[in-house]
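Right after this note come the structures.
Consider the two complexes below, in which subunit A is the common component and subunit B and subunit C are the respective partners.
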Partner chain A sequence: MHAFDYATPESVADAVVMLSDHGKNACVLAGGTDLIVQLRENRRRTDLVVDVKKIAELNALSYDAATGLTIGAAVPCYRIYGDAEIAAAYPGLMDAARLVGGTGIQGRASLGGNLCNASPAGDTIPPMIVLSGEAEIAGPNGTRKVAVEDFCTAPGRTVLEDGEFLVSLHFPAPLANSGAFYRRFIPRNEMDIAVVGVGASVVLSGDRSSFVSARIAVGAVAPTPLFVREAGEALAGQPVSDETIRRAADLARDAARPISDMRGTAEYRKHLTSVLTRRVVEGAVQRAKE
Partner chain B sequence: MSQNGHKVIGTRPIRHDGVDKVTGRAIYGADIQLTGLLHGTVKRSPHPHARIKNIDTSRAEAHPGVRAVVTAHDLPQIADKLADLGEAIVNLRDASNNVLAYGKVLYKGHAVAGVAAINLHVAQEAVELIDVEYEVLPHVTGVLEAMEDGAPILHEDMKTTSMGEETDKVSNIANHFQHKMGEPDDGFAEADVVIEREFTTQTVHQGYIETHNATALWNEEGQLTIWTSTQGAFSVRDQMAEILQMPVSKVKIVPLEIGGGFGGKISVYLDPVAALLSKKTGHPVKMTMTRDEVFEGTGPTPGSYLKVKMGATSDGRLTAATAYMAYEAGAYPGSPVGAGAGCIFTPYDIPNVQIDGYDVCVNKPKTNAYRAPGATNAAYATETVVDEISEKLGVDPLEFRVKNGAKEGTRRADGPVHPRIGCIETTEAALNSEHYRSSLAKSANGKVRGRGVASGYWFNFNGGRSAISVSINPDGTINMLEGSTDIGGSRASIAMQLAETIGLEATDIKPYVVDTDSIGYTDVTGGSRTTFGTGYAAHATGQALIREMKERASKLWDVPADAIDFEDGVFSYRDDAEKRGSFKEMASQAGDAGGPVVAQVSTNPDGSGGGAFATHVVDVEVDRETGKVDILRYTAVQDAGTAIHPSYVEGQMQGGVVQGIGWGLNEEYIYNDDGSMTNASFLDYRMPTTLDLPMIETIIVEVPNESHPYGVRGVGEVPIVPPPAALANAIYDATGVRLRDLPMSPPRVQKALAENGG
Partner chain C sequence: MADRHDEARPDESTHSEIKPGTRFTRRGFLKGAGAGAVTAAVAPAILVSEAGTAAAQETEGVMSATISLDVNGSTHNALVEARTTLADALRDRLEITGPKVVCDKGECGACTVELDGKLVFSCMTLAMDAQGRKIETVEGMADGDSLHPLQEAFVEKDALMCGFCTPGFLMSSKSLLDANDNPTPEEVREGLSGNICRCGTYPHVFEAVMSAAEKMRKGG
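And now, the complex of A and B:
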């Protein structure tokens, strides 16, 4: 590990100045559960680490049944699932927040950090996509908003420009008769990175017999977490049935373009995408009915 | 009082080293701090096979904070010489070249140079400044590919030894041997059912929690001291003396607590490098491996290819068996194929057997011992074929094993005849277990369920050299010094045998594992020998103390020593009931009659380590769509001879099972086409976590070993042998598909089920 400077700005504006001054030679620290490991293992090199945990906006956590949920980019997972009201309103997001690392890691790791790390296998990203999450970004030119599904551009790469950083994430309030679900497949029952992860959200008709709309996103099967718009659209207006769900699962499988690596072959990942999508949509439907 | 009239043996006292270990006070290698300590690290090869054209260390040496750099040129060049490390025989020239590569690198991760600096960060920076010029050579990592004509050759001067004779053929096959008994062709002709199957297993690692470490101080007098984590301090001393070409009297090894070894902490890796760096700098140098260095730079156990053929008559009698066993040695000769061949058919009484074994070099780390080395690969093949034969014959697989089980007088294909063993008793205990007799629903929650069984054998090495030195305190407690490092509760199991012999409590004995200058030569803690062999020495020590105490009593009471009896922990004079005293009572007076009471004993028993047999029962649940296998229930049955401390016997059984489950389901070195391991971390090298396992149930069978005063058999290794086969048989029971390639990981299982309509 190489020596670097460490700064703790207390305002968004100060952080923007520091990051702008150092450009690519600076990096942002929230929980540090990815960053510190990367620095220690020389997978990343930096001159300046900007710790954003002292900025108020980055620690905000608020929920309103009318306007939705705002999560500061540095809010650790335990605070999110530790809030009973938020946990009840967004169970699909909690599926992932409770999965990241282990209990100790969840005391530090944030959804914002998981998104900015931009791993194709990041567990919280598919559920953020299917819940129509929006990222608020601060930078030298003010703030801008980007949909979560457009945030990651390649493994480890995002839409963030030099001097920019993620401030918060916003999710609309859940609709009536809606449900969301996230599940990943790992060979063991703990301590693994997703071979495939699938998130789904559905809105059912009043009698819960058909889909009004659906969103499906898949992790670890493409260079970025993948929003499979067509799989969700294929469910809209269709009856809730094994057949319609299988069709959506096949579309998700077809959209997957995985690689073969030590976590699974491409063929196996495509197969799992179909299996998991079916199970996850069924899980989301079940929650919508509850 | 426990059974068999024992007072201490068979009870479960708290271990002597327990409090310091659970409170974090026990001293491990990474805890060592010395004045003037430097920190070292290793430069490793990025290539699986390459000629070293040049190593330029000048930039590293000029780096601020760097104190020394060493390469193989700092090591004495050694002629070929074989050394027995206890669980494996190694060529010391190979051992030297494995410590620091000379001429060629033979696997990715092969050490090329060492650096000592003022701190670890500087040392790591300096490693990047060592310029090594390589001529990259074609590599080979698979055992069958390495055996082919035209395969890249690792050792240009290595000629195959075949059936004990050196041939002219240069190849990666270091050795081919054969064991033959009876006429297998005739045996198969008698058989009504003959099954022949091929199996593959992958390289797996012991996965001990504590990584390798060594701190060396080479002082101004040329005295070398090493603090390290090892299974055998004397083995390290001897390796250091040979590799560094110095007298053993100039080397002292201080063994620290050991965070797991399983056979992998016998060979030296860092110790000679730290020693050379200390010699060059005049400072103590500490080196500790990272996890990826442990995976890529130490000794895992081999991948293998096996073909096994077995035949049985329609009335359920095995008539013949043959095995072709090709094991990867890694970079240098010396796979455990010989041990595997000694175990492969040993749970059975088969009149006609032929076993052909091949030791094959490949561009992977030099393999090393791992808990019953070679036997798990072998049992995976045999026990799966036995399951298939039982099914074809329509007989219960455990009843088939009982009917064909090895017993006293049965000859092993590699020669030895069994003494009294508990093979059949163990299988019967499994057959009669509540688990095996319980029913299992064939499906639940959309998943299918099945039950499998398998057996296994491990030799248990016969004793070996052990030394014990004791001194008696006036309060009758005993300080017991031993040379056996404690990797599985052996302080307790040895102290208990001494306590039993002299009528004390386990807590009256204070066991200490000491350095190589403080005790007589003691062989490694390995081969499941320690509770047997050093326990044997503890019993002999107890006998010596009783003799000495009788002498003291004779003086104190002024009576003849041969008229003093020792029974139930009490010394007494036959002709006067007033003259009597317990060991403790006598200890308080004994010093007045000849000074402090001490004793030193060393032993090297002739008898058998006992031979260990195990039979396991497992229930699994298989998700057909994902290929994931979950374990619902697991019972391990094993003959322990006599369980000295039953909790530690159970712990060994459970630990072995868990490692076997990992080997069976997920663990493997995954290689890229470029010959590099892609999963050198605990994230992607998937050992089971607590959430992947049920409580492992245990049943201890006790058929005493006649070669040990208390009937001890080694228990540590055999429990790893049956699990992969038991799992394969359970997966078959659940799905109707047989898996013959390890690991039976989700992608493999899913593919096999999809291809075979399971």
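And now, the complex of A and C:
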């Protein structure tokens, strides 16, 4: 690993000053489970590592049934699923938080880091998209908000400009008769990168016979995690049936633009997208009924 | 996978110059003066505060500092660079060699330690990031000469061959049983999924954890 400086600002403002001063030569450290590997393998160089874990806002974790959930960008996964109330309110997010690495990774890995790392296969990103997550960003010009679905722009690239960093993630409170689900396909049981990952959230009618609305997002099948708006929209107003769900799954498959690599061919990934989407929507429906 | 030999190569960053027009930073100053000399002359004096933690919160950050680490209940000071991982600080500076470095990238679990009661891979944690937190290594498991029930069970069930993965497995097993004293075999597998054993001792490891859990529930 090449040499760098290490700083631990204690306020958002101090962090912005450091990041602005150093521009592209600084980087943010949360859990380090991506960053340290990238630095060690010389895939990335930096003059200054800005550890944001001492900033209060980055460690905040709060849920209110009226206003929703706020997760500081550096909060590690274990704290999120370790909170019984939050786990019960956002099971779709927990599906992903529980499967990022093993326990040794979850002790440090954050949703903020997962999002900012902008891997097409980042497991927590599709569920954050379908839960209508919003990213709060701080920078030299103050703060701004960006929908999670617009945050990643290319593999490893995000909307963050020089001097900006992610402060927190916000999710609206779950609606009545709603449910969300995330599942990925990997060749082993644990510790692998998704071949395809799919997240879905649904809102059902009072009698649970039809969809009021739905959101579907897919991972590992495009340069960024992909929000497939049309797949969710195709469900809105439709009865909950195998046929409507299959149609949405086909739309998700059609939106996928996968590559072939050692984990699977493009054709295989397309097929998986359709199968997983079907199962994941069914899972979300099941949770909406519970 | 990257060529590991590259990673071990000493760093060349001390060559960089202060570019015209750049603000005169602490870093620039450190570089201009030669990192080695500054480390020795400045770090211990200005970087260790009363509380014994390095004051790395200066606006420019620090390249090296004497930090204090709380390992298994005792405090150790170590001069580290910002890039020094906790694994390297423990092993090379403090000679606490229980945590092993095998993959050095979070994939094998040989370097597993507890940080404030949570499992982490010490190869992916910067030493400076571990200041002020409680670090537990496998060395802290036994009580003097009397082994922890998990260590006894590993011996009894022959849960190791070369033993290189064992400190990591022990730490993960301990953390698992601290959180759940009656795990199912499935939960044991999941709890240990971050640890890899090249010798393939998994069945014996799982058996040892189940047996230790039972013994510990009975108060042994």
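Note that in this section the second predicted complex is superposed on the first by the 290 of 290 C-alpha atoms of A that agree within 3 Å, B and C clash if a C-alpha of one lies under 4 Å from a C-alpha of the other, contacts with A are read in each partner's own complex, and residues count from 1 in each chain.
To be clear about the criterion, a contact is a pair of C-beta atoms (placed from the backbone, for glycine too) under 8 Å apart; a residue touches a chain by one contact, two chains touch by 3 or more.
Since this is a predicted model, take the numbers as computed values, not measurements.
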Partner chain(s) touched by A:1 [first = subunit B, second = subunit C, both, neither]: both
Touching partner for A:140 - first (subunit B), second (subunit C), both, neither: neither
Contacts of A:155 with subunit B and subunit C, given as first, second, both or neither: neither
Partner chain(s) touched by A:47 [first = subunit B, second = subunit C, both, neither]: second
First (subunit B), second (subunit C), both or neither touched by A:103: second
Partner chain in contact with A:272 - subunit B first, subunit C second, else both or neither: first
Touched partner set for A:14, first subunit B, second subunit C, both or neither: second
If touched residues of subunit A are counted for subunit B and for subunit C, the larger one: C
Partner chain in contact with A:23 - subunit B first, subunit C second, else both or neither: neither
Which of subunit B and subunit C A:264 touches, first, second, both or neither: first
Contacts on subunit A seen with subunit B and repeated with subunit C across the two complexes: 1-2, 189-191
Subunit A - residues contacting subunit B, complex: 1-2, 185, 187-193, 195, 261-265, 268, 271-272, 275
Subunit A partner contacts - residues on subunit B that touch it in the complex: 121, 124-125, 625-626, 628, 665-666, 670, 678-679, 682-684, 686, 688-692, 745-747, 750-751, 754
Sites on subunit A touched by subunit C in the complex: 1-10, 14, 17-18, 21, 29, 32-33, 36-37, 39-43, 47-51, 53-54, 76, 78, 101-105, 107-108, 189-191
Residues of subunit C touching subunit A in the complex: 2, 6-7, 11-14, 23, 25-27, 35, 56-63, 81-83, 85, 104-107, 109, 112, 115, 118-121, 123-126, 128-129, 172, 175-176, 189-195
